[in-house]
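Before we start, here is the structure in question, set down as structure tokens.
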Amino acid sequence: MKAVVLQAGHELAVNDVPEPRVESPNDIIVKVTTASICGSDVHIKYGEIPGIPPGTVIGHEFVGVVEEAGEAVRQVKAGDRVDIPAGIWCGVCAACRRGETQNCSNGGVWGGGYYFGQPLQGAQTSYVRVPNADLCVLPIPENVPDEQAVFVGDIFMTGYHAANQGGIRTGDTVVVYGCGPIGLCAVASAQFFGPKQVFAVDRFENRLAVAARLGATVINAKEDDPVNRILETTDMEGADVAIEAVGSAESFNQALGSVRRGGMVSVVGLFPESVELQLPILGLYGVRISMGLANPSSMGPLMSLLSSERIDLSPLCTHAYPLEDALEAYDLFENHKDQCIKVMLKP
Amino acid sequence: MKAVVLQAGHELAVNDVPEPRVESPNDIIVKVTTASICGSDVHIKYGEIPGIPPGTVIGHEFVGVVEEAGEAVRQVKAGDRVDIPAGIWCGVCAACRRGETQNCSNGGVWGGGYYFGQPLQGAQTSYVRVPNADLCVLPIPENVPDEQAVFVGDIFMTGYHAANQGGIRTGDTVVVYGCGPIGLCAVASAQFFGPKQVFAVDRFENRLAVAARLGATVINAKEDDPVNRILETTDMEGADVAIEAVGSAESFNQALGSVRRGGMVSVVGLFPESVELQLPILGLYGVRISMGLANPSSMGPLMSLLSSERIDLSPLCTHAYPLEDALEAYDLFENHKDQCIKVMLKP
Amino acid sequence: MKAVVLQAGHELAVNDVPEPRVESPNDIIVKVTTASICGSDVHIKYGEIPGIPPGTVIGHEFVGVVEEAGEAVRQVKAGDRVDIPAGIWCGVCAACRRGETQNCSNGGVWGGGYYFGQPLQGAQTSYVRVPNADLCVLPIPENVPDEQAVFVGDIFMTGYHAANQGGIRTGDTVVVYGCGPIGLCAVASAQFFGPKQVFAVDRFENRLAVAARLGATVINAKEDDPVNRILETTDMEGADVAIEAVGSAESFNQALGSVRRGGMVSVVGLFPESVELQLPILGLYGVRISMGLANPSSMGPLMSLLSSERIDLSPLCTHAYPLEDALEAYDLFENHKDQCIKVMLKP
Amino acid sequence: MKAVVLQAGHELAVNDVPEPRVESPNDIIVKVTTASICGSDVHIKYGEIPGIPPGTVIGHEFVGVVEEAGEAVRQVKAGDRVDIPAGIWCGVCAACRRGETQNCSNGGVWGGGYYFGQPLQGAQTSYVRVPNADLCVLPIPENVPDEQAVFVGDIFMTGYHAANQGGIRTGDTVVVYGCGPIGLCAVASAQFFGPKQVFAVDRFENRLAVAARLGATVINAKEDDPVNRILETTDMEGADVAIEAVGSAESFNQALGSVRRGGMVSVVGLFPESVELQLPILGLYGVRISMGLANPSSMGPLMSLLSSERIDLSPLCTHAYPLEDALEAYDLFENHKDQCIKVMLKP
């Protein structure tokens, strides 16, 4: 079967790889119907995440149909349409027992190499072997199309995580820095907590337009200083919650500068750089900072919100390509061409 | 000044009463601009709440303008437009220190006689003396009309309380029994918590129409069995949260019958009758029940949601009368005439 | 092998039953080293819990050593000493995905017949087949003896659940009605939440003596009115949390009468009778009631508290018998003979 | 009256200052019976906290007796023994309405100059004027001596805040970096949350001895690497919660290095320096950081724990001096002489 395979020298290629088989009674084989490209895949292409050797099939956002199920699998059966989270977990380690399956000691991320635990082949291909299937996969309701279901196990649950760990309360003012796919999902998710106002900050007009459709008050950081704007809107007190979905020291500091005393900075960006934390000031001012991967336990509730049409993420899905044209799709996504937000690959 | 005054024999009258004066440095005098009629006022008229002697001015829902402020008052000044909660609190007793100001040992409800603590004259009149004004009153933003602000201190915060104490979480299924003014506010408030679906149950089509405008899936209990409907919709599992806003044993039992294992029944109805609690079954099934008055700390956030136009409660305000025609207004409200939901009195 | 088997006519017998075998890749066979008798077993003997047919092996409190593990089991292996909760769960149903494994749609209780889900043979015998072993069993640290570990999966987690769902906060006053094994575990567990004072109510001096060793202020209900005593101690305000661990209408009402406005009644007793809930009064007073089975996710933390010697439950273990003398052990336990609190059976 | 007064040139002096008078109806005058010296007072002496002009009376830890009460004060009266928090609040600003009185927009800290809001004269003197007395002061139960009550409004509530914002849960492993007075109170407070084990790290044996009396497992950082020790004890997973009560980049980084994925670093130290936050690693690892001043709403519960003898903080009170010998007391405290932990000043 064809797959998007990491090459040495910061390249990808569409190559032939062997088809996977059931190896354990708890495995399933999923026939991929839609896989999407994530910003992390671009980081991986450029070697910015260590521990992922050339030859790795990449991609961790996908949905599909169960092709075969191991003998101990009871929740799903061949023919079922399923959503798969970006990574798997064991259900029995200390972290899993605490309910923090995203921090599983025995987990791994599709196409994430050794960096995220056990190496698992990625999903930008035709078939994927999914261990611990009963625990990790989620059936997809009939009325949710692939093009939205594929968000649930990665960018939607991560954007939701940003809002949820932010502890947004009724009437809060929220600011989301960064309107890439995860930032947009954070904007959408912030609305589930009854905020007074959600600000969305970015430099691309097409992303801000989607943020506005999702109910945000937009701030184009090219034209306006977001920190000043937030302070002015809040009687110089600051927002209750700031979400950092860019991954830069600049926006992290803007997030810190935007929140009120006792406010929360919720971080979901992947950071290439460290930041300096001004503890002499922040210690008295009083701020909370929360970071980490999304908890997949939100997948069920988020899928139910798509199914009940409480939320429509279709504006994020701007392009679709056959898997064999994946390199063209990456070029489009990576270089922000043609107002691209999210690209689907169809094996 | 004229006031709606409780009479012996289950009657009300519009009579002359003396104007109040500042009695303590923390008092303010509020000139009432709008007072509304609450279902509790009807209970009081019929003597169903003990400890309220004839001669009491009734009414606990009002907004107005500060006429005069005691010397120790700092937050508001003459001329400010303010919202006043249904009752006051002291800020220093054990309950207040816990943040449960609704359970204040030294509080009282406007026109609530001795039943709710210290007797306070009610608000269906021209002027009201408000003790502890700095703690208890809330300025009203310019763009929020009296007709919605007046809901914040009573029915809106109570409906919100129903949703909030219900512990609604993202993706939950919620059912609200009763679409009177508080039930409708509960429907509106449930939406602040990211539910999958909010069912609203009533027998009046005009109320159900408002519930539908507020985003609910409506069930007319004359035509449909709400418990069956909820169970069918939830794969026979039950809703996550049921809100009881009727105040009858029948709907309390329906609420209990509607929730899943581990679900919550949030009670805000005033009950004339006891219920039998089937502990042999419920103990193993696992249900939580929460009841009590609303916490006024939600007033600020709720006012901000009105001000930012996140929610529009104008459909609840169906009628307005001059104070001197209060008896006609009560007749309309009490007898569900002319599709009445809420009536404003204008002194 | 020998087992305690339910007979028709409210009798038990020690009979021969077949040994279990691994039936699924996720099963283990546990060689029971200690099983204890629970109050529920006595209810079962007398037919007070429906759906448990004669012939059922009873007993749901046990620890042992893994004799054999199915091929898909990874967490434990033959020879491991393990604690097993009173019931199992599937890990994938809606309740399990919410983390409420005690409400699993596909679960069952050892010796609990059809009443608790799928029928499972009980544990007062030599070998037990445990499905879903990776999810449900917990390794026992070397320094925790069987006689305390056996409490973790049933009475300790239930007593802890009583305290935890009670929402006890630093400085709270707590009252525990009933000092049977679960009530005593509730007394012990209440101490984990930093209370000001924990009252323990019972009529047996030997139980009250254990409660006192666990840090409680004891009230002998034969000599003292517990509600009056609580009210007097709390300036007539009431306790913050009352735990009902008796299972009678009388103590349920005492619990309700003991709590402050906004307080919590946490119910873990099994009730043979309904209660009348005075909603006209309670609705305004403001009380919360929580009931249901314990969540096994507390087993790990509780085992760690035993292992670190933060808590010593050895005073609860008053007797031990060989399994073949189980009927004598039941007589002792059931009739409160010889200051019995808890009896161990040794197969 | 005599008072400890800040001088230019990093000096203190015991000088005469005018006695305060009631200025507003909500004021009280407190006759100070005990004031204690805080580490912050030493920072102030050396000019490390800006905005505190020479001539300021310093000291923010004190208890006393009400000498006179303004006409609107209702909670306390002349003769009452009261505890006063380190700072006051207004009760009506946005932060106060959220219950975060420590972040009050109109507050101030005794002897804290302009840095903490409105300048208030300090408490190392004979009389203090306390505004907003009803809101801010707490009566002291008869059986709690000055020498422990004086901790409640500052170091005890701050140590408790460290534990509380840490979100410690039953069975958690906790590590407290720094066993100064606040660190020791954090050790004591961590025990209120049912931890498995509390580690206490310091370099002074006398402080570690007190930590051990308060139930901690001590680590002398001169002899042992605390991070290694924590990791080894937790199967290399890390503690659940680390409390930073030193205020140095070194211990902040140790705290970060000590916690598990998803763990919490709770900061209460005052920091003279910034730290570098390794977001590329921490972002995926998943850590939460919380900082800020203590919420005085814990004062009531903490006082009740002292009154019920659930906790004994007397080992912290090592010395007492007449106010006129304050400079000698500062020398002792500041230079860690004579195993000093806390010094009381008696006006």
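Odds and ends about this structure:
Labels for the chains are A, B, C and D, by order of writing; each one numbers its residues from 1.
Assume a residue touches a chain if its C-beta (ideal position, glycine included) is under 8 Å from a C-beta of that chain, and two chains touch if they have at least 3 such contacts.
Since we're looking at a predicted model, the values are computed, not measured.
Set side by side, the interfaces A-C and A-B show unequal numbers of C-beta pairs in contact, with more at A-B. Rotation angle relating chain C to chain D: 180°, from a CA superposition, given to the nearest 5. Per-chain CA centroids place chain A at a distance of 41 Å from chain B. Within chain D, contacts with two or more other chains are made by residues 94, 98, 300.
The touching residues of chain B, counted against chain D in their complex, run 24-26, 71-72, 74-75, 90-92, 94, 97-99, 134-135, 297, 300.
Those residues of chain C that touch chain D in the shared complex are 160, 164, 169-172, 191-197, 298, 300-302, 304-305, 307-308, 310. Contact residues on chain B toward chain C in their complex (touch as defined above): 94-95, 98, 100, 102-103, 105, 116, 235, 237, 247, 249, 252, 260-262, 267-280, 282-293.
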